[in-house]
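Contents: one structure, followed by commentary.
Labels run A, B and C following the written order; every chain starts at residue 1.
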Amino acid sequence: MNWRKIEENIFHGLMLLSTALVVGSLAFILIVIFLKGFPALSLNMLIQTPRGGYYLGKEGGILNAILGSLVLGVSATLLALLVSLPIVFYLNIYLPKTSRFAQVVRFFFDVLWGIPSIVYGAFGFTVMVFFGLRASLLAGTITVALFILPMMSRAMDEVLKMVPFELKETSYALGSTRLETALKVILRQALPGILTAILVAFGRGISDAASVLFTASFTDSLPSSPLKPVATLPLAIFFQLGTPFPEVQQRGYASAIVLTIIVLLISIISRITSRRFTKHVVK
Amino acid sequence: MFKPHIQVKSLNISYGGHQALKDITVDIPEKQITAIIGPSGCGKTTFLKSFNRLIDLQEGVEVSGQILVDGEDIYSPKVDVTLLRKKMGLLSQRPQVLPMSIYDNVAYGPRIHGLKKKKELEYIVETRLKESSLWNEVKDRLHAPASKLSIGQQQRLCLARGLAVNPEIILGDEPTSALDPISAERIEQRFLELKDKYTIVLVTHVLRQAKRLADYVIFLYLGELVEHGPAEIILKDPKDPRTKAYIEGTFIEEVKIRKTFMYQEV
Amino acid sequence: MTWRGFKDAVSAKVMFLFASFILSLAFLMAVGLYWRARPILAIRPLKTLLFSAVWHPLKGEFGLASFISGTLWVTVIAMVIAVPLSILTAIYLSEYSHRRVRELLKPVIDLLAGISPVIYGVWGIIAIVPLVRDYLMPFLSERFAFFPFLSDNYTGYSALTGGIVLAVMVLPIIISIVEEVMRTIPFEMREASQALGATKWQTIKHTVIKKALPGIVAAVILGLSRAFGETMAVLMVAGCDLHGFPKGIFDTAYPLPALIANTYGEMMSIPLYDAAILLAAFMLLVVTTSFNMLAWGILLRIEQKGL
């Protein structure tokens, strides 16, 4: 009987080791980023735009990238929301549960979700060239919106699927139309989950570099017009690290902290909101 | 008097605050069919699953008291649970076949306990399938997936599988309630024939089944042991008024008992 | 028709249009990229483009083989590391850990999934490159002076580095899907196995994993697809030089997505360069989409028919 126990213990140990490695990786990443970047982090960096020669070691900051990312991120998220929400409502409220069409759309969402961001970037580039547009905030917004659309939709779809059927039944029984049920009842019930989905998509949107590389390009100025290029944090980090100057690289690490903190904040906020907005939620 | 196979002493079981069994003391006779009866949700299944410590798999279970099998307390820390379970064969309400062939299902038990010889395994598979009166229906397709069998066949397969580990005690948790009448009858026939070799404990909510099969009867209500004794006495002339009401079908459930199954998040 | 009814009908139509747009998006992407890639397909056979390692854009030579090979090296290394780790962790989470531990670990894994690829790249530069350069490379390359450890690249920027960083990025995907699949396996099955006296691990080994296998395969495919397409993190740590085929894990690798990202600036200035690069993007699209369809097809069947 001993060999069974031994085998069990070996694998139990391996499992614990794996889990520790996985959790440890996260800790490793966060610690490394903070340790390396903290020394170079300064208030100046956050509130200034790059002066001439910033990438050669001169004065300035990454305000262009911080604001640029935020503007791009918010616009892209709103655009994606504008398209996702109706689709997801359609799938869950307008269509019957066994609808073939819904199945196909969901399948395509899943498939789109797995397409790498660089492909979205390349496609965005193709569309830009086709319409004679230049790299700009607008082009970047559309590309990022397309990129985060599938993940936002999947997340919201999961939330809506969990809304109890009886709730919809009750609304219809009172004589509501589908649209009214969607907006007045389902939305309230699913609000926490939907907000979380939006925040998570926002976080992915501002974190990605490959989708904005071609389409939003880069600039040293603050975001001004949708038709001009815009700076983004991921690219700012990438470019700063790409210079041969240690001071600039240091600033790159500091920028990395800024991005990491933003993502961590989003994670925390989404957990808080998903608990806060449950006032009207029916269990 | 009979020779007890299982002795329960002051057994209390609670799940996360809710007490399922209250201070149960009773003996289960050897090589007889014991039926545990009572309204649903009264702890019958919990009681049964405490014998093979399957309730250990639930989170937040507290057990106090003793259960002795062949004189040994099965809840003592020295006990090897896997060997204990080898002594008991469990037949669940809904037949749960393992994701493998018919042959492998029956051979599963012996294999995990270390038996490797092909000849011996083949012998066991054939014998037990015959014992469960399934052999003739499957002998030509032993390596087909077990999931393709009908539900009645699956239950007989589970019986064969349970017998393959050479248990001393067979536990049945409403083993025929999910089956059609013909399959149910076949299982009942098996039990009647098997009681010469095995101690059998059945949970049932069908009084007629208890009347057909039981030698000994235990009546549980709201987690309490109300009455127990030889079948003829309990089923025809019980002493406790609650038992009487249940047997006669005039039982009024005044309390709705919530089944608080707290399985691990699966 | 009432005003309310009208709103309801119009909204239904609009929503249907949006949904159809999604269906067409994947096709639009494929068509768009293919259209831009056509010029080069017209003058060079696909075989040369795929299998030739000669990459001289100025001379019109666009052999993508070394980049494809780079992608494969990095991806395989990443999967070799990530698959065992993620499956073991997923089994631990779904079968062994207490509810509280699981609740604690789930956010950790979600966080890993949410970290920006650029941050992974930064981490790779700070932590993994020195690790490979100062410890792994000297140790392994001297002891085992044969394939796949032999190399003359002492910079620490290598396929291995890329693979390690990629592995950590892929872990959350595989873990979350495998864990979800295991949760759909009915508790009664584990009960039945343990009732026969099997230990917990025996139950997992013989029944749970067996039943979950299609789901595990699908999870691995999705992880693979992600590894294939990841751009920034790998670009920053894998070395990306025009060195030819990587011949060992310590050689530099130049995966396809990194190629696309690196050349975006020069693309338009050299004839046919953009067509070649967009062909690469098209290929990425085709490969990842096929993998995804396969994986999601499996998962869909599991959802509908049970395992």
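Here is the rule we use: contacts are C-beta pairs under 8 Å (C-beta built on N, C-alpha and C of every residue); 3 or more make two chains touch, one makes a residue touch a chain.
Because the structure is predicted, anything quoted here is derived from the model rather than measured.
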Identity of the chain that, by mean CA position, is farthest from chain C:
B
Centre-most chain by CA centroid is C
For chain B and chain C, what's the span in angstrom between their mean Cα positions?
49
How many angstrom lie between the CA centroids of chain A and chain B, rounded to a whole number?
53
How many angstrom lie between the CA centroids of chain A and chain C, rounded to a whole number?
18
Interface hub residues of chain B, defined as touching at least two other chains
82-83, 112
Which chain A residues sit where two or more other chains touch them?
4
Which residues of chain C are in contact with two or more other chains?
199, 202
Would you pull the chain C residues touching chain B in the complex into a rising list?
98-99, 102, 183, 185-199, 202, 206-207, 210-211, 307
For the complex, give me every residue of chain C touching chain A.
4-5, 7-8, 11-12, 14-16, 18-19, 21-23, 25-26, 28-29, 32-33, 35-36, 84-86, 88-89, 91-93, 96-97, 105, 107-112, 114-123, 125-127, 168, 171, 175, 199-202, 222, 225-226, 228-232, 236, 257, 260-261, 264, 277-278, 281, 284-285, 288-289, 291-293, 295-296, 299-300
Residues of chain A defined as touching chain C within the complex:
4-5, 7-8, 11-12, 14-19, 21-23, 25-26, 28-29, 32-33, 36, 83, 86-87, 89-91, 94, 101, 103-105, 107-120, 122-123, 125-127, 129-130, 146, 149, 153, 177-180, 200, 203-204, 206-210, 213-214, 234, 237-238, 241, 252-253, 256, 259-260, 263-264, 266-267, 271
Interfacial residue positions of chain B with respect to chain C in the complex:
52, 54, 57, 59, 82-86, 88-90, 92, 94, 96-100, 108-109, 112-113, 158, 161-162, 165, 263-266
